[in-house]
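Two complexes come next, and they have one chain in common, chain A, joined by chain B in the first and chain C in the second.
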Partner chain A sequence: MLRVEGLGKSYNDFVAIGDITAEFAAGKFTCIVGPSGCGKTTLLKCLSGLLAPSKGRVLLNGKPITEPPESMALVFQDYSRSLYPWMTVRENVAFPLRKKRLAASDRDERIEEALASVGLADAMDKYPWQLSGGMQQRTAIARAIAYKPEILLMDEPFASVDAQTRSDLEDLMLRLRARYNMTIVFVTHDIDESVYLGDHIVVLGSRPTTVKETLNVPLAHPRDQITTKSEPQFLELRSHVYTQIMRTNTAQTA
Partner chain B sequence: MMTSTSQTQVRTRSRWPAMGDMLLPFAGVAIFVVAFEAVVRLGVLPQRFFPPPSVMVWALSNLITQPEFHWALWNTLSSWAAALLLAAVFALPIGFAMGASPLVYSALRLTTEFLRPIPSVALIPAAILLIGANVEAKIYLAAFSAFWPILIQTVYGMRDIDPTALETARSFRIGRGDIWTRIMLPSASPYIGTGLRIASAVALIIVVTMEIVVGIPGIGLMIINARQGANVPNVYALILASGLLGWALNTMFAVIEARLLHWHPSYRSVTP
Partner chain C sequence: MKFNRRQLLNLALELAVPAALITAYAVWAAPRNDIYFPPLQVILSAFVEDWLGAKVTADIWPSLRRLLLGFFIASILAIAIGLVLGTSRRARIATAPLVDFFRSLPPPALLPLTLLVLGVDDTAKVALIGLVCFFPVLLNTMAGVGGIDPLLRETARMYGIPLRDRILHVLIPGAMPSIFAGLRTSLSLAVIMMVISEFVAATNGVGYSIWRARRSFDIADMWAGIILLGILGILLNTILLLVEARLLAWHRGSRAAASRN
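Now for the complex of A and B:
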């Protein structure tokens, strides 16, 4: 289980995160949603051990995180910078497995399975830059899945793809979630996305960031872009989260 | 999606301009050569000092069968190679260190900024005093000049490594060795490639300069000897040869770069 306690992050006088306490239940899909510039990415970097918090701590199964843990994988927003252009799709997915000391057959199996699960079995020997944006982000997701993390952290992963691709990738995440028993922490600024994907939603306020509210999303699985998004419960939750975020914005401007 | 748009762009260009693109440089050369030939033949330029291109090429074709020319070419080329190698052996590690460590960078920055602008030819007397009028002087001075472009480009390359690329590697707990060889080195390689190509040209210039000015065996000395023997066609044939040599070395580097850096945006082909 992943937990943050009284986490704060400041750069000199600039307070990026005020005080965040939250818990990310094992095997659940938790979305972190908040207004832009509220320090979502900073929070995720602290969660992943890439960034040391200024105060408070991040606990993984009760132990403080000081460096990226082995049981964690990260998917960045900017796939074009996170994938290595000198490596093929297969090499990109294989790269993090180098330290795992797997048998060659085991490793190849993992790579092929991960790529097949994101629908890229035919693109293995291409280079990322030969693929569309959506396919590149699929490659990054496959790289994270092949790593077999217990916890998957995603930083606004679909923010730079078009709307159609975005829905496809959202549905892909729901399928992957059902298939692999991972804890997923998904940062987004898109309210619909957070309600559609999450089991839980952590709503953040604007700077200095604190948790406004933590919600459960009782929508049934499997979810569907059309039927789920037209359910009264979906619309209700969506308006609720929207109001929360708007309120923090108006409070700030007032 | 990006691929398909660039494909359409290629497709909309009709066939003959593509052929024209290929032939145009040759047409340019042909026009220049013919005009040069005409100007000399018509007596606009004195033929005694300006042999027409046909005579230059004829002289060169005679030269390339002579062992003396082979020996000179070998001297120039081996000095060039030794200088470039020596420069790279020093410039690359220092460049990596300066690019990776702000501490090393600030420690060496002032020294490099002072030494770099010194014109290498201004150091010829010092090189002769220190080393003597020999092959070593030629190699060391050329290495000194070739050192800078490699150093500067390596530092730039190291500083231009995408932080996201490094963070990704860190998040997957990639070891330091792999981060260096698999992420930082490939990432900086386009800059290093450019540095080596510029250094190659600089090294050749200094090598030939030293041969001419100091009289060290090589193409440069052969030019001086031809001039003293009043063999004007040979002087120009040798100048032409040194030009072709520089062009060939540059092309060689460009081809190697295009092969190794096929993934880089400036070398990517439209169709995979």
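Now for the complex of A and C:
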């Protein structure tokens, strides 16, 4: 289980995160949603061990995280900059597996399965820059899945793709979630996305950031872009989160 | 290979200008009988006689050997040290004065010293050629490592990529476009340094041949040597460009893709 306790992060005088305490239940899909500029990416970098918090701590199964743990993978927002342009899609997915010293057949199977599950079986020998943005992000997701992490962190992964690709990728995440038993922490500024994807939602306020509310999403699985998004419960949750976030924004401007 | 019309036109243009210049020289020099500017066919026959015979092994090969040894040894060292300095801020700060001093020093200034210390044999020449090649590659490797997208390095850190793989598969390929810019500079400097060192102290080599031809007032031979140097320079550079085109195909592709978006 992943937990943050009294986490704060400041850069000199700039307080990015005030005080965050939250828990990310094992095997659950937790969305972190908040107004833009509220330090969501900073929080995720602290969770991943890439960034050391200024105060508080991040605990994985009770042990504090200081370096990126073996059991974690991270999908960045900027897919075009997180894939290695000198490696093919297959090589990109294979790269983190090198240190695992898997048998060649086992490794190839993992790579092929991961690429097939994101619908990229035919693009394995292409270079990332030969692919569309959505396909590049699928490659990054396949790389994370082939790694078989216990915890998958995602930093606004669909923020820079078009709307159609975005809903495709959202559905892909739901399928992957059902298929692999991972803890997923998904940062987004899109309220609909957080309600549609999450089992839990952590709503953040604006800077200095604190947790405004933690919600459960009781929507049934499997979810569907059209029917789920028109359920009264979905609409209710959506406007609830919306109000929470708008309130922080008005409080900030007032 | 298939050429389209524009490529053919470009190729024709590329060949036409030197051809025109050579013709102009031939027309200009033929009637003058100037000792310093001999007629074209005299230079050409000197070239054929000198450089397409025994001198290939007697002079061209020793020159090339010095040049390539200096270039390769220096490049490998410079890339290795550049990777360390490019990654470690502390190492960079510690070596900055040293690097700045040596790169500002014109390498020919070290010629007398290396001749004294290392003698007149090939070691001194290889060392000097290596010295000129070292700094462009070093500085470009450092810049290349520094210019690798931080997100690519964070990705490597996130997945716990071991140091060896990080160096071989992240740092070196990431810095490669910049390293090649350094290699191109170095290669042309290497040719310069080879010639200078052979002017001063050598018993064979292309530079030595030019110098000897000058001393014996064999002007056509001197011209032939100069032409050979030009051709060697073009050949070496072409080979380097071909290697680069092969190794950095991804770089051209990704840049082209980036400019389309």
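The working rule: the second predicted complex is superposed on the first by the 254 of 254 C-alpha atoms of A that agree within 3 Å, B and C clash if a C-alpha of one lies under 4 Å from a C-alpha of the other, contacts with A are read in each partner's own complex, and residues count from 1 in each chain.
To be clear about the criterion, contacts are C-beta pairs under 8 Å (C-beta built on N, C-alpha and C of every residue); 3 or more make two chains touch, one makes a residue touch a chain.
Quick caveat: nothing in here was measured; it's all calculated off a predicted structure.
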Joint occupancy of chain A by chain B and chain C, clash or fit: clash
Chain B versus chain C as contact partner of A:K126, first or second or both or neither: first
Chain B versus chain C as contact partner of A:Y11, first or second or both or neither: neither
Partner chain in contact with A:Y147 - chain B first, chain C second, else both or neither: both
Touching partner for A:K99 - first (chain B), second (chain C), both, neither: both
Footprint overlap on chain A, where chain B in one structure and chain C in the other make contact: 48, 50, 68, 70, 72-74, 76, 78, 81-82, 84-86, 95-96, 98-99, 127, 129-130, 147
Interfacial residue positions of chain B with respect to chain A in the complex: 1-3, 162, 164-165, 167-168, 170-175, 178, 182-183, 186, 263-265, 268, 272
Residues on chain C engaged by chain A in the complex (per definition of touch): 149, 151-152, 154-155, 157-162, 165, 169-170, 173-174, 176, 250-251, 253-254, 257-258
Of all residues in chain A, those that touch chain C in their complex: 48, 50, 68, 70, 72-74, 76, 78, 81-82, 84-87, 95-96, 98-99, 127-130, 147
Contact set on chain A toward chain B in their complex: 45, 48, 50, 67-68, 70, 72-74, 76, 78, 81-82, 84-86, 95-96, 98-99, 126-127, 129-130, 132-133, 147
